[in-house]
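So, here come the structures, one by one.
Two complexes follow with chain A in common, the first pairing it with chain B and the second with chain C.
For the complex of A and B:
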C-alpha cells in the first residue's frame, strides 16, 4: 500500500499523470473509487482484498478524461478491460498508465503489450459461487429457469447501475435510451426487464471480462452478471475467442468463420 | 367442440433468398398454412435479436428466421454474421427460459418454394401443439407499452 501511495505521489508531483483513479475508504469496510489529483491526497489510496470494483469504467468518462493523463489502480479484471477498450479504439496508450495490483504487488504497466503479458499468466476463472449458480441453472428445466429469472428480474427497478458500472457499456447512445423505435419500455416492467437484461448480455458477449462488477452494483441483488458471464462463455465455447485478452481486436461477434458449426438451422 | 388454436407465427426473412423463395411457393401454387406473417428485411444480418424478442412480446406464438444459404448471401457475408449471432442468442434464450421450440432458424433459397411451404407447415403444427405462448404474453400484459 505504501508502495502505491509513493508511486502515486511521485507520478502526480512530476506531472506524469494528472489523476490517479484508485480505491479509497468507503462506508464501513467497503471501498469506493477516488480520484487523486494532487500528491498530498495520495495517502487516501487504499489497496486490500475489499478492492473489487472494476475501475476501468471511469477511463471512458469525459469528465475524467478532461483531467489529463490517467493512472489507474488495476486489479486483473481492470487490466483486461483496458485491453478490451484499447482493442475497441476507446483508449490510447499514451493516455493511461496502469498500476497493476498483481498478487498484492505493484506493477507499473505503461504499454498495452506489457498489460497483455501480465494478464496472460493470470487465470480468469469466475468465482466458485457464480459457477455453481450457473451450473445449477443450466441443470434446471427451461420452465424453472424462466421462473427463476422472472422472480429475480421482477425486482429490477431499471436503475441502470449494471450498465453504468460496466467498463464496456460506454456507448453514448444506448439501445435502452432509444425511443424511436422504443426497443425497451422505459418503465420497469416484466417483459421490458427481461428484454433489457438480454440486450445487455448480447451486447457484451465476446467483450465481457467477467469482472462481475454489474452484479455487485445491483442495488436489489439480482445476479445480472450471470447473464453476461453465460453469454461470454457461450462465445468462448463456440468460437474460441474471449474478451479482454488482447489490445488487438478479436471480437467474436464482428467476424465469422465460414465453417462455424451449429446444429439448429434446418 | 372448442375452436382449434391458431398460432401467430412471425417470419423474419431476407429479401434475396427466402422472400423470393416464399414468392415462388405462391407462384408454384403450393398451399401452406396461413398463420405466418412475413416481414421482409434486406438480409439476415439485419435481423436484430431484439426483433425476435419484440415479436414474442407483441403476441407471436412462434418465430421463423430465414435467409440465404451460407455462401449465397447477396451481401457476401450477412448470413455468416447472423449465424454467429443466433448461436449465442439461442444459448442465452435457453438460459433465461425462452422456449427454443418456438424459434425456428432456416436457410431457404429463392429456388426452394417447396421447402418454405414445408417449413411454415412444420413450424405452425409444432407451435399449434405447444399452444399459445402464455408465459411471455402474460409478462407483456402486466406492463405499460
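For the complex of A and C:
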C-alpha cells in the first residue's frame, strides 16, 4: 500500500498524471472509488482484499477524462478492460497509466503491450460460487433455464446499475435509450426486462472481461454477470477470441473475414 | 390516546390467518438469500425481524410499472378504454417506521393538484403495521433522526409494533384502519394493562440538521461540492428505484398498429435521459447537475413546496449504490 501511495505521490507531484483513480475508505468496512488529484491526498488510497470493484468504467466517464491524464489502480479485470477499451479505440495509450495490483504487488504498466504481457500470465478467476451456478445452469434444460431467468429478472427494476457499472457499456447512446423507434420497451415488465438483459448480453458477447462488476452492482442480486460470461465464453469457444486479452483485437462479432467458418456471409 | 395492546410472537400467525381470511394479502420484509425483499408473508417465520429491505415498499402504492389506459385504433378514430386501479386490499406488515412515514411524501405529489386515482385507490386499501427499530441497522446508512423522525416514529403507521423485552410486541393502534385490523383478529390482540417493558429504540445519532441544511442549500447551488461528490456516481437509477419517496415516473406508450396501452414506470433523475430534450439539448448534461437535483429535490424543493422533506432517512439508496454514494455523509458535508 505504501508503495502505491508513494507512486501516486510521485506521479501527481511531477504532473505525470492529473488523477489517480483508485480505492479509498468507504462506508463501514467497504471500499469506494476515489479520484486523487494532488500528492497530498495520495494517502487516501487503499489497497486490500476488499478492493474488488472494476474501476475501468471511469476511464470513459467524461467528467473523469476531463481531468487529464489518468493513472488507474488496476486489478486483473481492470487491466483486461483497458485492453478491450484500447482494442475498441476508446482509450489512447498516452492517456492512461495502469498501476497494476498483481498478487498484492504494484506493477506500473505504461504501455498496452506491457499490460497484454501481464494479462497473459493471469489465470481466469471465476469465483467458486459463480462456477457452481454456471454449472447448474449449463446442466439445466432450456425450459428450466428460461424459468430460472424469468424469476431472477422478475426482480429487475431497470435501474441500469449493471450497464452503468460495466466498463464495456460506454456507449454515449445505448440501444435502450433509442426511442425512434423504441427497440426495447422502457418499462420494467417481464418483456422489457428480458429483452434488455438479452440485448446487453449479446452486445457483450466476446467483449465481456469477466469482472463480474455488473452482478455486484445489481441492487437486487440478480446474477446478470453470468449472462455476459456465457456470451463471452461462447465467442471464445467458436472463434478463439477472449475478451480483454489484446489491445489489437479484430472483434469476431463485427469483423468480416473471407475464411469465416460460416458460409452464409459469402 | 391511542389504543394499546400486546401481541405475542405466537399470535402473529393467527393474525396472518385472520388477515388472509378477510381477503387481504400481507406484504412484508422477508429474507431471501442475502437480501430482504418486500414480498408476500404467509407465515410468521417469513417475516424478517430486523434489517432493511433492499427495495422499499413503495411498489405497494406506486408499482414499478402500472397501466393507466388502453386504446384501439378504429379507422381514423382512437377508442380509449379506462383502466381501473388494481388496488388489492393489503396489509403491509413489519416494515420500518421510516418507510411507514414515506407514504406521506408520495401523497403530497400524487395529490398535489391532480388526484391520482391509482395511487389513492392503492393507499386507501393499504393498512400499515410497522415495527419500531430496536437496533441500528448495522451500517452507517440510516439517518432518520436527522430528518425529523426516530426509530419508533408512529407517523404513517396504522399500528406500530414495539418489541417487548420478554418477546412479543406492544401494538399502538393509531388509526381507524388499525382498529379495523384489531377487530379482524381480536384473539391476537390483548388489551395492555399497565405498563409494558419495551426494548429501547435504536440509537441513531443525528448527522445533520435538516433545517440548517435547507438554508445552506440556498447558497450552495453553484458549489463545487456537487461535482466533487458525484465524480464517482455512475448515473444509474439504483438509488431512486430502491427509494421509498422517489416519485418520478415516465409515461410510455406501447402499441402496435391496432392497439396500445399507456404505462407509468419508475424513472430516475440520476439518468442522463431524464432531462434530455427532443432537440438534443440537455439542461442537466453533467452527472454533478443530476446529483445536485436529487439532493435539492428532496431537501430544498420539497420543503419549499410541501413543507415536508422528500426523504425519510432509511438509507436504502446508500446501501444499494454500486459506488458507495453515502447520502448521510454527503448531506452532512453539504450542511457544514
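By definition in this document, the second predicted complex is superposed on the first by the 254 of 266 C-alpha atoms of A that agree within 3 Å, B and C clash if a C-alpha of one lies under 4 Å from a C-alpha of the other, contacts with A are read in each partner's own complex, and residues count from 1 in each chain.
By our rule, a residue touches a chain if its C-beta (ideal position, glycine included) is under 8 Å from a C-beta of that chain, and two chains touch if they have at least 3 such contacts.
Please read all numbers here as calculations on a predicted model, not as lab measurements.
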Worksheet item: Given the touch rule stated above, what does A:202 touch, chain B (first), chain C (second), both, or neither?
Response: first
Practice prompt. Using the superposition on chain A described above, determine whether A:35 touches chain B (first), chain C (second), both, or neither.
Written response: second
Worksheet item: Of the two partner chains, chain B (first) and chain C (second), which one does A:145 touch, if any: first, second, both, or neither?
Response: first
Practice prompt. Using the superposition on chain A described above, determine whether A:164 touches chain B (first), chain C (second), both, or neither.
Written response: second
Discussion item. Which partner chains sit in contact with A:253 here, chain B, chain C, both or neither? Use first/second/both/neither.
Written reply: first
Item to complete: Based on the superposed arrangement, let me know which partner A:183 touches: chain B (first), chain C (second), both, or neither?
Response: first
Worksheet item: Taking the superposition as given, does A:262 touch the first partner, chain B, the second, chain C, both, or neither?
Response: first
Practice prompt. Go through the superposed model and pick first if A:227 touches only chain B, second if only chain C, both, or neither.
Written response: first
Worksheet item: Of the two partner chains, chain B (first) and chain C (second), which one does A:78 touch, if any: first, second, both, or neither?
Response: neither
Discussion item. Show me the chain A residues, by the header's touch rule, that chain B contacts in one structure and chain C contacts in the other.
Written reply: 185, 187, 189, 192
Item to complete: Name, in rising order, each residue of chain C that touches chain A in their complex.
Response: 33-35, 37, 54-55, 64-65, 139-141, 227, 230-232, 234-238, 240-242, 250, 252, 254, 263, 265-266, 268, 271-273, 286-288, 318, 320, 322-324, 326, 329
Item to complete: Enumerate the contact residues on chain B facing chain A in the complex.
Response: 49-50, 53-54, 57, 70-71, 77, 80-81, 83-100, 104-107, 119, 135-136, 139-140, 142-145
Response to the item:
Interface with chain B, chain A side, in the complex: residues 137-138, 142-150, 175, 183, 185, 187, 189-192, 194-195, 197-199, 201-202, 205-206, 227, 230-231, 234-235, 238-239, 252-258, 260, 262, 264-266
Discussion item. Residue numbers of chain A touching chain C in their complex, please.
Written reply: 26-28, 30-35, 53, 57-58, 61-64, 155, 157-161, 163-165, 177, 182, 185-189, 192, 213, 216-217, 219-221
